[in-house]
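You will see two complexes here that share chain A, one where it goes with chain B and one where it goes with chain C.
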Partner chain A sequence: MILLPLAHALVARQDLPVPAWLFAWGASIVLIASFFALSVGWRRPRFEEDGWRPLGAGVSRTLLGVPAQIVCGLLGIVLLGVGIYAGLHGTEAPDRNFALTFFYVTAWLGFPLFSVFLGDVFKPFNPWRAVGRCAGAAFHALAGQPATRLPYPRRLGRWPAAVGLVAVVWLEIIYGSSGGVAVGLSPHAAAVAAIFYSVYTLAMMALFGTEEWCRNGEVFSVYFGMFSQLGAFEARDDRLGVRRPLTAATKWAAVPGSVAVVIASIGTTSFDGAQEGALKIPLLDTFNWLADRGMNLTWALRGADTIFLIVCIAGIALVYLLGVQGMRTVRGAPPVATLRTGFAHTLIPIALAYLVAHYFSLFVFQEQAQFTYLLSDPLGTTTTDLFGTASGGVDYTVVSANAIWYVQVGALVIGHVVGLTLAHDRAVAYWRDYRQASRSQYWMLAVMVAFTCFGLYLLSSGNG
Partner chain B sequence: MSMQSNTARAAVGAVLVAAAVILFIALSGGDGGGDATTAQDTTTAKGSAGNGGSKPAEPVIVVKNGKPVGGIADLTYNQGDRVRFRVDSDVSDEVHVHGYDIMKDVEAGGSVSFDFKATIEGIFEAELENRKEQIIQLTVNP
Partner chain C sequence: MIAAAPLPLAHAGHWIWVLYVPPVAIVVFAIARTTIAERRKEREERRESERRNGDPDQSSD
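Right after this comes the complex of A and B.
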């Protein structure tokens, strides 16, 4: 018999499952908050206008001026380069190599968090955008005219980003298998993937234009940008400004494929949370079933994981679409397509809550490694010590298990409340009649309660 | 008045959804979440592979052909407890308790004892480092 071992390439510590009493409290608070939200509902939309106003010109010049753009762009390119180099030439021990922690913890988990508080911070650091803009400017200077671009197909929208998002997670948690054993992604494979992605992205930028591709297809721009919609800071035409929090999210999903992006985010996080708890047994059964039918063990494991990753995404999509169909039955409802995109942004806080709930401890612990030995010894040679921090380590006692539990459950509860708030606001914008609007919200309430309780369930059933 | 009946209906709906979710959890928890229940139920140290017999305080994990007999041993403690166990191995390797980062060599046919304080909360693996074979799942509850 082959057991699925635990795929913990990076951290030596896993979270304890949330205890039953905290689960019960979390679920109760969610229900009470939901009940309260329905009874205090406001009747005019409050989040449709963003009220953006610029900050001082000096701040904008300093933070968004050409020197800052050059510094940030270069930093992005250098860090991507270091990551790829470390992956190709450094140790194959995943936890001692700069590449994996930098790509999948510092950037992949860090940017969503920072984007919420600071705005779209990935944009200036985006290495591909920096290269694309330089290439565009160089072409303009040499040819005397801007490069001609293909018009980006409107209907394609953010679909390439949604597919790319699933691919990034698939690579991280599913690809790294060997002979029926989940060994985690190797640094080398991560670097090769980064090279492929760079080539693909630069090609797409050449075809459709740098900014156009960043708005629609570039996975990281779209994904991190989605979380920045919740926050208060936004740059417009080289001017940094402040808007009312949450307001930008109400416009975000108008681009086709946005629903898919947010659902892919929740679905992939769910799978990662469930694979060693709730889905452990079904995964093992599917793996054995595939292996018994002669599939080689590596692909049997990848196959089983892939099937359940798709099941998770489909499940999340199904719950959301059921909610949309439900709202459709309320008198005075706009067309289904409008409802489907119109409520997609209400899931962004849920996606963020899932991220925090599942990766908070990983981020806290692994960032200690990032800024100690991985920074001073990016290749994991054990002989390099660039900044004198190579002997540092991870202190697993900086946050207690109790603190982690409260952050996890707290994130889900807050995400739930913010999601409900956005949904209610959108409903009173769509339905002229307040009573119909609140009736439509039984459905979104059911969707949110389902997602939040599912998130709590994942935490309580052994979170990878 | 209609507001109130709306809210009441919404509350009923929410309760129904929650009840369904909790029921689902209760049902699936029975057969699926084996890990979670054992972690909660056992508060004192126990070694599932303990066949030493004489001293129950020190669970013994027997390694045969480089694999733990009876599967990965679950050891559960509370924070501050003294963690003690012994590994009897028929292969030469290094036993590595992750997180606590304690490493001890074991000879083929030899045994090695561990004795340390459970200071870090969480779930940790102990493995035969060279074989990358997990032999213990160490749970430290707060």
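Right after this comes the complex of A and C.
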């Protein structure tokens, strides 16, 4: 069986001072205490205005100027090209090939983290945007006029990105099975998928325009951009500026499909965490059931995984929608549709918390590989040593199992407290009477406690 | 038959999820209880104000 570098079980059993389930009780107490503190001390909205102000013109010129755009765009294109080339021509051992770690760890997990702290950093490095902009500029120069674009359907909103997000995760954790055994995605399959995605993205950019597609349908732009809404940095009209953290998130979900994006993010991460723990037995039972009915073993495993992936996303959506319905029962509540989109941004910190909690150890360990032997020997053929780091390795003792557990718990607690704070702030904006606002937030408290306990259960069952 | 009977304690690990339910159950129970109590209070207050508005002797007090 092929080694599984991307199976996310890179955590050892912890030696905790108290049972893992007690952390869920403690985290719930923290949330309840935060709820009461917010009810008492937070009586007017503070996140509705972002207070954006520009930084110095020199900073903007340096970081956002044409030379920086060219360098970043080229770097993005080169890295995508190296990833695809390594996937197609490198070793099929997933842990020795640059492609998988670069696509699914460095980029997929790294950009959300950097986006929170530095703003939408993916935008300048987005290789498809760079190609789309170059093609648009070339067409303009040759034809003497900008290319005609189709108007993007408003109702479609971010739905293509939500579906694409599920597809990207499906490819990573479900597609890579063979003969009824989860062997992980092969570098070759990842490279072929990257080529298909590039063709599809460039075609959509040609149809609807580069920036329009990046805002709505381009999976990575929308997904990483969602996390950048939590941060303090934002570029507007070629000026870099700072705003109050978390404030941009309050306007993010106004576009249709945004709720689906954030729910898909939490749901897919939950499934990934649950498939080796909480869902192991149900998955096996479903796999056997499908195989007994004559389904090919590979597709029986994919089918079982797909069913539970959908169940996880539907479960997260159901809990959120129950919270929304609960808020609707409070006197003076806006319509359900307004509540549904109006509180969706409160799930962004939870999506980030789930991401950190589930992939922190994977990121710490695999990035050591990324910046040592994978960078020097991207094809994994042991014939190249570009930067003299090909003999490097992964130090699994760099963080202890207990440290990983505390980071996971800390991420979940902080993420949910931030989510609760955003929800309370939105509630005092919707309900002018802060008492009614607090009453409406009983339901979001229940949602947050449910997500926290669920998240900790997934972690403990996966780690055990 | 005895050998085929399930032994729940042998799979105690499968029931660990139960320990994660109480915080959620307590919060949901508290919300339901508070909501019912608040609605009852609002109903009584409404009834009281209607009674006062409908009774000229009391409304003049």
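One rule holds for everything that comes next: the second predicted complex is superposed on the first by the 424 of 464 C-alpha atoms of A that agree within 3 Å, B and C clash if a C-alpha of one lies under 4 Å from a C-alpha of the other, contacts with A are read in each partner's own complex, and residues count from 1 in each chain.
Throughout what follows, contacts are C-beta pairs under 8 Å (C-beta built on N, C-alpha and C of every residue); 3 or more make two chains touch, one makes a residue touch a chain.
None of the values given here were measured: they were computed from a predicted structure.
Colleague: With the two structures laid over each other on chain A, which partner does A:Gly326 touch: chain B (first), chain C (second), both, or neither?
Modeller: second
Colleague: Scan A:Arg439 for contacts with chain B and chain C and give back first, second, both or neither.
Modeller: both
Colleague: Compare chain B and chain C by how many residues of chain A each one touches, and report the one with more.
Modeller: Greater contact footprint in residues on chain A: B.
Colleague: Looking at A:Trp25 after the superposition, I want to know if it touches chain B, chain C, both of them or none. Which is it: first, second, both, neither?
Modeller: A:Trp25: touches chain C, not chain B.
Colleague: Does chain B (first) or chain C (second) touch A:Thr397, or do both, or does neither?
Modeller: After superposition on chain A, A:Thr397 lies in contact with chain B alone.
Colleague: For chain A, which residues lie in the overlap of the chain B contacts and the chain C contacts?
Modeller: Residues 19, 278, 281, 439, 442, 445-446, 449-450, 453-454, 457, 460-461 of chain A touch both chain B and chain C.
Colleague: Tell me, which parts of chain A touch chain B in their complex?
Modeller: Against chain B, the touching part of chain A is residues 3, 5-6, 8, 12-17, 19-20, 27, 30-31, 34-35, 38-39, 181, 183, 277-278, 280-281, 393, 396-397, 400-402, 435, 438-439, 441-442, 445-446, 449-450, 453-454, 457, 460-462.
Colleague: Would you mind writing out the residues of chain A in touch with chain C in their complex?
Modeller: Within the complex, chain A touches chain C at residues 19, 21, 24-25, 28, 32, 278, 281, 326, 329, 439, 442-443, 445-446, 449-450, 452-454, 456-457, 460-461, 464.
Colleague: Within their complex, state which residues of chain C touch chain A.
Modeller: 13-14, 16-17, 19-24, 26-28, 31, 34-35, 38
Colleague: Quick one: in the complex, what on chain B touches chain A?
Modeller: Chain B reaches chain A through residues 2-3, 6-7, 9-11, 13-15, 17-18, 21-22, 24-25, 28-29, 31-33, 35-36, 39-40, 71-72, 98-99, 101, 119-125, 132, 134, 139, 141-142.
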